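Please go over the structures that come below.
Below are two complexes that have chain A in common, paired first with chain B and then with chain C.
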Partner chain A sequence: MPAEPGAGRAETLRALLPALALAAMLALIVYLQPRAMSYNGMRLLLNFSLPLIFAALAQLCVIAASDIDLGLGAFIGLVNSLSALLLATRPLLGALAMLACVLAYAGMGAFIAVRRLPSIVVTLGASFVWLGLALLVLPTPGGSAPEWLAALVRLKPPLLPLPVVFAIALAAFGHWFFMRSSYGVVLRGIGGAPQAVARAGWSLLAGRAALYGLAGVFGCLAGLLLTGLNTTGDANFGAPYTLLSIAAVIVGGGEFTGGIVAPVGAVLGAFIMLLTGSLLSFMDVSTDWQLSVQGAILIVVLGTRALQRQAAA
Partner chain B sequence: MNSARRWLDTNPWIWSLCGAIAVWGLTIASVGGRGAGATLSTALGFATFYVVVGIGQMLVISAGPGNIDLSIPSVMTLAGYLAMGVMQAQDARLALGCAVALGVGLAAGVANLVLIRGLKIPPMIATLAAGFIMQSMTIAYSRGSTAKPAPLLLAASLARVGSVPVIALIFLAVAALVALGLARSVFGRSVLAIGQNPRAAYLAGIRIGRTMALVYILSALLAALAGLLLAAYSGGASLNMSEDFLLMSIAVVVLGGTSIAGGQASVAGVWTASLLLYLIVTMLNVFGVGAGLRYILTGLIIIGVLAVAKGRPTA
Partner chain C sequence: MPDDGTIEPLIRLRGIGKRFGAVRALDAVDLDIAPGERLGIVGHNGAGKSTLMQVLAGTLTADAGSIAIAGAVPRGYDVRRAHALGIGCVFQELSLCPNLRVFETVRILHHGLRGFGWPRRARRLIGAALDAIFPGHAIGTDATIGALPIGQRQMVEIARIFTETDRALRLVILDEPTSSLGARAAEQLLDFIRQAAARGIACLFVSHRLQEVLSHTDRVVVMRDGQVVADAPAAGLTRARLVAHMGMTGGETARGEMAQAASARPLRVDLALPGGALRAHAGEVIGLAGLDGHGQRDALLRIFAGQHGRAAYVSGDRPREGVFPLWSVARNLTVGLLGRLAHAGFLRPAEERALADAWRSRIGIRTPDVAQPILSLSGGNQQKVLIARAVAGTADILLLDDPMRGVDVGTKRDLFAAVRAEAAEGRCVLLYTTETAELEHCDRTYVFYRGAITAEIARETLSEERVLRASFADAG
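Let's turn to the complex of A and B:
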C-alpha cells in the first residue's frame, strides 16, 4: 500500500463509518424501546441476523476476487431445502449434499477463472440452477430441522446473546484470514492485482476456486442457520439474501473492484441492514418501507465515500 | 471460408436464431406437426417483453465494463402498478396512465443517473439501491389499489395482424430503429466508442456525460414501457410480475452476441435470443418438464452459451 498523506485517515474513516452507523441505529432503537437493551431484547432483535452475517461473509469472499455473486440467495434457498429435507431423517445423505453444494461453488469459481467469464452472468445463470434444484427436491415448502440445529439457534450463552457471539467469532476469523494470513493477502490480490499474483507464482485458478469454495461454505452455514431458525425448508426463503449480502459488504467498507474488503465491516453491515426492519417497526412506520431505508443507507454510505475520495484528491 | 467466418463473427445473432429454429422444430416435431404457427405467434408476443427490456439493458452494457441496470424489474413493476392505478380500468384515463408509466421511467432513469454520475456510485450498486427504493414504493402503493388495465390497452396488448401480435410488430420496428441508430447516429457511435475505450472516446471529443445520461434514461423508459404493456397483457399488475426479468434482460443481451465487456452491440441478437429463451420454455412445457428442471436447464443454457461464445477468438 502506498503511504499517501491522508490515506491512513481515510482508511480509518472507512472502518469507522459502519461502526458509527450501527451505534447510531442501536442508540435510536434503545431510545425508542429501552427494553431492547437487555440480553433477551438483544437476542430477539438480532436472532434473525444469524443467516445474514454468514451470507455477508460468503458474498465478501466473491467480492474479494472483484467478482459479484447474484445467485447467493438462491443457493441459500437450496441449502435450506436440502437440509430441511435430508438432515433430520438421513443425516449422512444430508451431509453429502452439503459437501456437494460447497464443491459446486468451488467448481463455479474455477469455471469462471478458466473461461474468464463475467461473474455477474454466470452467478445469475447459476441462481436459476440453484432455484431449480431446490424446487426439484422440495416442490412445496416443508421438511424439518434436525434437533441439534434447532437447539443450536436457541442456545443462550452467558453474557452475550448467540448472534453477537457468532458475529464476533466470524468477524475475528474473517479479519485474521483475509487481513492477517499470508494466503488471505494473496486471495485479495486476485481481485486487486491478478497479474502480480500470477507472476509471484500463485495459481489464479486455485485462488478463485478457494474463494468461491469458501463462499460456498459460508453460504451453506447461512442456509443451515435459516433451517434452524425456521425449522422448515422453502426454495424461496433465501431470495432476499442476495441483495442484502451485497449491501452488507459494501456498507461495511468493501469495494466492487480492487479486492478491497473489510470482514469486520461486513458483519457490522449485516446488522445494519437487518436492524432497519426493527427500527421502522419501533418508529411505527410500515415495514413496506424497509427496502427504501436499506437503499437509502447504501446511497448515503457510498455517496459519503465518493465525496471523501474527491476531497482527498 | 474466411469471409464466411468473418460474417459469422460480425453477426453473432445467427447462433441464437439457429438455436431458436432448432428448438421450435423439435417442439413441433414432438407433437406431430400441430400448432407450428400458433407456437410461433405466442412466442413472438411473449418474446417482445424480453426484447423491450433487453434493448435497454443492451445499450447500458454496450457503454462499457461496470455499466449494468439492475433496477429494470423494479421500474417495470412500479410503472405497471402506478399506470394501472391511475387508469382505474377506464379508457378515458388511458392516456394519463401511459403518461404516468413513462414519467416513472424518466424519473427512474434520472435518479439512476444522479447516483451514478453525480454521487459517483458504481452503476451496479446505484441501480440496485434505486431498485430497492422503487420496490418498496410499489409494495406500499399496492395495498388496496386496483391494478386492472383500461380495456383499450388490454385489447391493444393482445391485438394481432393476421397471427402476428401488434406489439411484436411495433418493437420489431423499434429494434430496427435502434440498430440503425447504433450504426449511423452520433449517439449510437458514441455509446460504442465509450464502451470500447472511454479514455479514447473522451480524447476524441465525445460527450460522455450526455451519452451516458441518454443510455440510462432510455433503459429506464423501456423498462417502464415493458411494465405498462406486461401489466396490460396479463390483465393487471402484480408484485411478482417482473421477477424473472433481471436475469432475462441480461441473458438476452449476452446470448444475442452483445459483448459483456461493452463496445459491441447486436440488436438483432436481442430479438433472436428472446425468441430462443421463450421457445425453450415452451419446448420444456410441451415435454412435460416441471418448473424445477425448467429453471435448471435455462440456467445451464445461459452459462453454456456464454462459455462457448467467449471461447471464440474474436470475443
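Let's turn to the complex of A and C:
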C-alpha cells in the first residue's frame, strides 16, 4: 500500500489531543488528591459523567450530519421526567413513552431533511416542546427511579468502575459504527457533501432519520441514567447537557460542519468537561467558575484549530 | 429486437426533453451509443450537455422521451438503476465527500460493498483502479479526500467510477474530466479510455477542449440550445467545422442604435493580462466573454482590488452576494450610501426614501412602492436595485459579473438601457457574460481562454462565430 501523505499527521494529532488533555487533567487531580486514583475514587469522580457520555454520543450523531441539536438537554429532561413518573409504577407505559421519544427524534430528522430546514432552528423549537411536555407530565420535581435502574448505576464491576466500563463500550461502539461500518461511512458522507451522497443513489431522508433516531436512542439512555443517578425526575435536570454535549464532541475532535466526528474523542471530551468541576474543587476554587472554565476550554480548542488551519494553508 | 438489423445500441435515447421553468434545457434529443464506443459531446455553455449527462446518469428525470439500455426500457430510471445497469458518471463539479477517506468514497458509490472486510475490498478496488489508470499516482487509499490537491481528487473520482463490484461497467460518462487534471494525468486517462473501449466499455466524453475530443473519440455530437445539431464520425471533422456547428444560430442582431464611444476619453482601466492588456475608457461598455471560468471573474476582481473604492462590483449571484433578503427595496438600494446619507450618525428616512424613489424612476425599477420587500421583485428588477446601489455611489467604474443571470428578455433590455445611460454619464462599464447575444450591447469585447485574452473584438465586427472561435483557442 502506498505511504500515507503528511496530512495524516494532523489527523493523528487531532485524535490524540483529547486523550493527552484528559491524561494531564487526571494527573493533576491525582497529584492534588492521591485518593482519587483508587477504584472508589474514580467511581465517585466519574459517576455523574454517565449521562454526559451518552449525551455526547447523541450530539455526535447529529453533528455527523453537519447539523446541531440545541434541544438535547430538554429532551434528556423529558426522558428523565417520563421515566421517573412511569417506569417504576407502569413499566409498559413507560417503555412505550421511551419508544415514542426515540421515534419523535427520528421524525425530527426526517422533517429537517424533507423541508431542508436548518437544524439549529428546528431543534431549538423542539427544545421548548420537550420542556413543555416534561412540565406537563411532571409539573414539580418528583417520581422515582425503578429499582433496576437505581441498582444499575450502583453496580460495581470488577477492575474498572462502571462509568469507565460504559465509556469504553460506548467509545468502541461509536467508533465501529461511524468509522468502520459501511453505513456509518454513508452517514458521515451526508455531513461532508450531501449532494455527492445523493448522487450515488442514497436517500438523505433515510440517513438523517437514522442519525436522529440514533441520537434519540442515546438521548433516551442519557435521560434514564440521569433518573437512576438522581432517583427522581425534574424537567430542568437535563438543561446543562445541551451545551456540555456539544462541547464534548468539539473538544473530542469533531467539527461543527463537514461531517467530521470522532466518537472516541467525544467520550473523552465528556470526561474532560465533567472533570473541570472536580479539578476546581480540588484546587479550592469555587465551582462557580466551572462554566467559565468549560467555555474557555472550548474556545482554546477552536482557536488552536483555526491557527492550525491557517498554518496549513 | 433491433429494428434495422444492425448491432443493438447500448443506449438509445428518443425524444428526451427537459425543462427548468421557462428554460428548455433539452428539446427532443435522440442519441444512440454503441457498446465500446467513445462518443464526444461538445457545445457552448448552456447547450444542454450537462443536463443530458445527468439524465443519462439518472440524477435528473427527463420530462419527455424514452431511455432504452441494451434494448430494455428500465422502469423508474434513477441513479441506482443506472448504477446497477453499469452506467457511471463523473460530474463536472467534484462530487466526493471531503471528510471521507479515499477507500470510503468507493463504498458511497457501491451499495453492495458492505459486510465483513469491506474496507479491505474497497482499498483493493480503488488502489487497483488508480494503478491501472494513473500509474505512479502516489495517492494513498487511506488519505482524506479534503487533504488531497484538486487534481488528485479528480483522479480518485475518475478511478472510483471504473471500480467494479457486483456488475460489469458498460458506460462511463465523463463531464470535463481533464479540466483539473495535469497534462500527464489527462494523457493517461485518455489512453485508459481507449483500452476500456477496446474491452467494450463505452465512454461519453464532454469537453471544451475540442482537439482532445477530436483525437480521442470515435464520434462527435454537437449540441446547441438543447438539441443535437450535428452527429458525425470524429475522423471526418475539424475544429473549424465543430465551431461552425456550435455557433450557427439564427439569432438576429440588434446593433447600432447606441452612440459610439470616443476612445479619446480618459483611460479608466488598464490591466495587463497574458495575451494583451484589458483597457477601458470612460463612457465605454466593455464585454468580457469566453467560456465560464476562464479568468474573466479574476480580471474583474483584480480591477476591483486595484481601484480602491472607485469601482463598484455587481454580482449576478444575487441571493449569495447581493441582496439583503429581509430588507425593503429602498434599504437595499441605499445601504451602499449610508456614509453619505448619515447626519451625525443618524439616517433621515424621508431622505432615504426620496433617493430610492429617484432611482426607481431613473433606472425603471418595477415596484409600486420602494418600501416593498426586495424579494417581491423579479430577479431582473432586483438586479436593477443592485446596479442602482452601485452607481448611486461615487464609483466611476462599474464591474458587472454575469448580471443577467436568470433575467427575462424584457427586463434585460431595460437593464442594458440603464447600463448604457450610466456609461453616457461618463462611467466605464465592464460586463462579464457567457451569453454572446449580450455582447451586442458592448462597444468592445475581450474574449478569454485559460486566463489569457485571445481576441479583442469591436462591436462592428462582432459575430458569435468569432467569439466562439476565440473561446476555444486551445493550442492543439
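We adopt the following convention: the second predicted complex is superposed on the first by the 308 of 313 C-alpha atoms of A that agree within 3 Å, B and C clash if a C-alpha of one lies under 4 Å from a C-alpha of the other, contacts with A are read in each partner's own complex, and residues count from 1 in each chain.
In this section, a residue touches a chain if its C-beta (ideal position, glycine included) is under 8 Å from a C-beta of that chain, and two chains touch if they have at least 3 such contacts.
Every value quoted in this text rests on a predicted model; they were computed, and no experiment measured them.
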Inset, instruction - With everything superposed onto chain A, say whether chain B and chain C fit together or clash. - result: clash
Legend entry - Partner touching more residues of chain A, whether chain B or chain C: B
Inset, instruction - For A:R35, decide between first (touching chain B), second (touching chain C), both and neither. - result: neither
Legend entry - Touched partner set for A:G259, first chain B, second chain C, both or neither: second
Inset, instruction - For A:Q195, select first, second, both or neither according to whether it touches chain B, chain C, the two together, or no partner. - result: second
Inset, instruction - Applying the touch criterion given at the start, work out whether A:L133 contacts chain B, chain C, both or neither, answering first, second, both or neither. - result: first
Legend entry - Stretch of chain B, among 181-189, 235-243 or 289-297, that runs into chain C once the two complexes are superposed: 181-189
Legend entry - Residues of chain A defined as touching chain B within the complex: 68, 111, 115-118, 120-122, 124-129, 131-136, 139, 243, 246-247, 250, 256-257, 286, 288-292, 294-296, 298-299, 302-303, 306-307, 309-310
Legend entry - chain A partner contacts - residues on chain C that touch it in the complex: 57-59, 78-80, 83, 91, 95-100, 104-105, 107-109, 111, 113-115, 118-119, 123, 127, 138-144, 146-148
Inset, instruction - Quick one: which bits of chain A touch chain C in the complex? Just the residue numbers, please. - result: 1-5, 7-8, 10-11, 180, 182-183, 185-186, 188-189, 191-193, 195-197, 199-202, 258-260
Legend entry - chain A contact footprint on chain B (complex, rising order): 66, 68, 115, 119-122, 124-126, 128-133, 135-137, 139-140, 143, 246-247, 250-251, 254, 260-261, 290-300, 302-303, 306-307, 310-311
